[in-house]
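All remarks here apply to the structure that follows.
Naming follows writing order (A, B and C), and every chain is counted from residue 1.
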Amino acid sequence: MKRHTPFRIAAAAAGIAMLGSGVLAQEGDKEAVTVVKVTGENWFTRMEEGVKAYGQEHDGIATRQVGPARADAAQQAAIVQDLVAQGVDALAIVPMDPSSLEGILRRAMGRGITVITHEADNLENTQLDLEAFDNAEFGARFATRIAECMGEKGKWTSFVGSLGSLTHVQWADGGAKYMEQFPEMELVSPKNESFNDANRAYELAREILRTHPDIRGFQGGSAIDVIGIGRAVEEAGLEDKTCVYGLGLPRDTSEYLESGAVDGISFWDPKDAGYVMNVLVDMTLKGEEVESGMDLGVPGYEDVTVSDGPGEGKIVRGQAWVDVDASNWKDYPF
Amino acid sequence: MPELPATRGTPFLETRALHKFYGGVHALRGVSLTINSGGSYHLLGENGCGKSTLIKIISGAQPASSGQLLIRGQDMTGLDPIAALDAGIETVYQDLSLLPNLSVAENIGLSQQLVESSGRLFRRISPAQIDDVARRALSEVNLPTDPEFLARQIQTLPIAIRQLVAIARAIASKAGLVIMDEPTTSLTKREVRNLISVIRRLQESGTAVLFVTHKLDEAREIGGTGLVMRDGELVQQCDVTQASNAEIGLWMTGRELEQGRYRRSPGTPPAPLMQIQGLGLKDAYRDIDLTIGAGEILGVTGLADSGRNDLAKSLAGLAPPDRGKVVLEGRPLDPSEPASMISAGIAYVPEDRLTEGLFLEKSISANVTMSVLDRLRNSLGLLNRRKARALTQKTLDELRIVAAGTEAPVQSLSGGNQQRVLIGRWLATSPRVLILHGPTVGVDVGSKDTIFRIIQAQAENGTGIMLISDDLPELLQNCDRIAVMRDGAVSRIFTAEGLEEETLYNEIAGSGGENAREG
Amino acid sequence: MPRRADAQLMFLVALNALVLLSSLILVDRQFFSLFNFQSMGTQVPELGLLALGVMLAMVSGNGGIDLSGIALANLAGVIAFLLAPLIFSSEDAPAAFFLAFAGIALATGMLGGALNGALIGYAGMTPIIATLGTQLLFTGLAVGLTGGSALRLGYVQIIDDFGNMPIWGIPYSFALFLLIAAALAVLLKFTRFGNHLFLMGSNPKAARFAGLRVQSMLFRTYLLAGILASIAGIIIAARNSSIKWDYGSSYVLVAILIAVMAGVRPEGGYGRVICVVLSAMALQILSSLLNFMQISNFFRDCAWGLMLLLFLANARVDWNAYIPAALRGNARQGS
């Protein structure tokens, strides 16, 4: 395996390009590349911090993150394919469309490349899939707070990034399952697709408020859903009358948390997820096994559950959720 | 502003041994001539002889490669267009060079503004001054001078009026020399006569005029010196009222051109080939009964609104008639689409070869072979390009087309050659009936001769020919019979041999003789 | 015209060579490995076929374009996925299943292409509007039939091999792409349909006057583009072993970029298959090179835009003007 040399980095920098993130590596370092769904989104920018941090803190491994400019599965697949052709040592992937990567990942493992994934617990061709938590449980936790806020009766709805985003669908379904115990809670227009676009989430929320003027509960899926919903709620002046909970990032959602348009958000720190993915990469490269109960050195992943995945790999789950509302969002710098 | 023109008879412009090279092509070979103030000159020659190049050099659009250009005795070699305007040279190009979204007055005042502000249009002279200038110029060409007309946008005016406005602009500035390139193409006879009187007045005030034209009759009416060019050289200067068409044709082409009839009428009457019976199309034409015999040439003519254009279109399958029928060798034809008429053996060579006939960017070969590709297949059923090239080369040879090879793009050819390529395509289909619509419009004298010979040869082979044309001499020289249409019907059918042009002309024009296009 | 066409071809060959050679300097030798060439080779066909479809639409003139290509490709995959298991099982009879899959996908492509052809050829709709409409229609059908989720084919060896594996060193799908391109080139250059297509695109009025059946030809053009799109759909399904309604959403514009960079005239009447193939290859090599160089994906769009501008500038510049007069041998200008 050839490595980057300072010359090559200088040559690349001499071009007008924006370099993907990278750590200056030494000869003999293993090359681990993290491939995310899309670059430029706040979420994955935060994840990159964790990815880089791992490489800086540990010898023998060089970490970097890449991702397509657009949220298009074909573009992500092209990047993965080129990395396989380049012969990197390990891939840590957050797949846009898990099933379309099955083939290339199988070939990657066939070439001896270590494959770790995140947010893809239905993927067969992976050695380890990292989940920050159990998705159904995460969804249910939103529903718990929505139900509590609404007094366990009324109409509520759920949003997803897209019907193809597996984890978002699992959260929405987890929330819905929790709500089944309340006969007076009515789910309308489930799993509205925002396509990771805050404007679209806003338009959809407005439409729902129009169609169901008595609706009170909103569960967001993609991190921008609560932003769009919050904006619509604020516009309608319904901050105090609605219960909006969902995935979100503190900084982005702060305005709506303060005004009460969004009642609470939860997330898992993508920085930790990026870091832990590379922990798993390193362990696998060294041939170490991950077992239930292990402490991976990062809060939320100090007592992981390991179960069998659909293929030959395993699923590693933490309990890495973080709940944030108006009172504590300032504690988080992202 | 230019000075007043010099006294009549003194030299205004002189060229000495002008040469021009475009790359490796020697476009002008040592042209030396003198243009006197108040004189009229006619630049005659085939397409490609160097006329346009000479004009471009005189008007400053192109610099000469060598030689001198003197204006009023001063060396102005290498002048640019603004300097030319300043020196008093105005040009009316074939495309008129009017600005369609500006008003009549603004266009007429244009050259003056350009000169005053050294080519920049931002510092304008006052609108009142422009209107003044415009009014004077318009009255010279007998166009209205009311404010409404002055304010009319050029793009709203019909082409004939535009041509007069372009001429008005040229004479607005009291030029020393006015150059006009084919100025009468869209004018009626009355307008042409009007223009001639304007030109006389110009000459009287000392302005020289230089025409580029194909129309010898008009040139004769204006009078003056004929400057005949061939292959970049000025081969002959003559008094245009004295020289005969034959002489001028010989100087222009170096060949003897037929002056009388091309048509040798056959002894026996022709066998009927195509019959048009009671054909009618609403708001276009009605009750058309015509026959074309095998090997016969039937001319069809009439004013623009006589319905003859629609009749041509109907026979081509482009405008299905609602009454009557067309019968070819006893079989009725289906005129609902071009393809069926073509496969029946009717070939229509359209009026506008550039937009309706040719595929300009494509090769000569593509244009010629397109209708007969089925015949050029090899055993696999695929196109045999060698056969295609052979057919194209045969066409080039038989029709005497001058081109840089079979794959040269058609747009690289002169008008006359382009027209022959188009005719060649249709000849390749071995049609039973060939309909030609204005086949020699915009075609030089030499090409015209060749095209006439081609038409005659086709007739001799037994093809029936319908020749639709405005060019009366052309009809008289080529046809057996001539059908005149008027107001949508056939008014009279003449025998061409021995027919006087005046008679034909009167039948076409009917009551409104003055309004006929000269053609 | 021949001279101009060669210049375009030379430009594309030079571009391919330039990108390949710069890879030797800029990235490690992995780029020049057989595996990487095969890897790049499997990625070209789907975009290349869509670009050929766009080329056909553009050549036919009339403002020709096909925006519905990738949507139809995905729909073809979806319908084939849903119907093929009803005939054959992918586990018991993989080869027969694949054939059925391909056949149904092709049939879908023909229907979709026929719809485009009917709207544009016979109903006289503007191509950009018509194919925008059918794009939405095909996408909507695909979403509706799948509920938005991806359809997993699972690992069927014969299908996966076709999508990803080489035969005699060349990936199956790339070889198929080259064969299709060659057949299309023969069609365009040596058949009456092909020759007439270029003429029609060059001057539709003259085409009509000359008796060409313009409506029928437009119909056949878009039908052909639909078939090409469905083949792209088969290849996508084989490559990824999964079908999703929104796969390759960025492909619409990239296919157009490839066609334009290949010198296809958007106004109609001119385009060369070999140039489209080279153009698709150049884009792929550059894309992979940028990935190897770890250059951000954002720059890739920038690089493609730059290439397009370079190409357009190359077309505008008359290189002859810079050659000294003594060496020039131009045809006569003016008279």
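Quick notes on this structure:
We take it that a residue touches a chain if its C-beta (ideal position, glycine included) is under 8 Å from a C-beta of that chain, and two chains touch if they have at least 3 such contacts.
If you're wondering where the values come from, they're calculated on a predicted model, not measured in any experiment.
Averaging C-alpha coordinates per chain and comparing to subunit A, the farthest chain turns out to be B. Centrality by C-alpha centroid: the chain sitting nearest the overall protein C-alpha mean is C. Note on chain placement: the centre of subunit A and the centre of subunit B lie 74 Å apart, centres being C-alpha means. Centroids built from CA atoms put subunit C at 45 Å from subunit B. A straight line joining the Cα centres of subunit A and subunit C is 34 Å long. Put simply, subunit A touches subunit C in their complex at residues 2, 8, 11-12, 15-20, 22, 39-40, 64, 66-70, 72-75, 77-79, 81-87, 97-104, 106-107, 162-164, 193. Those residues of subunit C that touch subunit A in the complex are listed here as 25-31, 33, 35-36, 39-40, 42-43, 147-152, 155, 160, 163-164, 239-242, 244, 246-251, 287-288, 290-301.
Interface residues of subunit C facing subunit B in the complex, by the touch rule stated above, are 1-2, 186, 189-192, 195-196, 198-199, 202-203, 205-213, 269-270, 325, 328-335. The touching residues of subunit B, when paired with subunit C in their complex, are 21-25, 27, 47-53, 56, 316-318, 337-339, 341-343, 348, 350, 355-363, 366, 370-371, 373-374, 382-383, 385, 404, 407, 409, 412, 414, 425.
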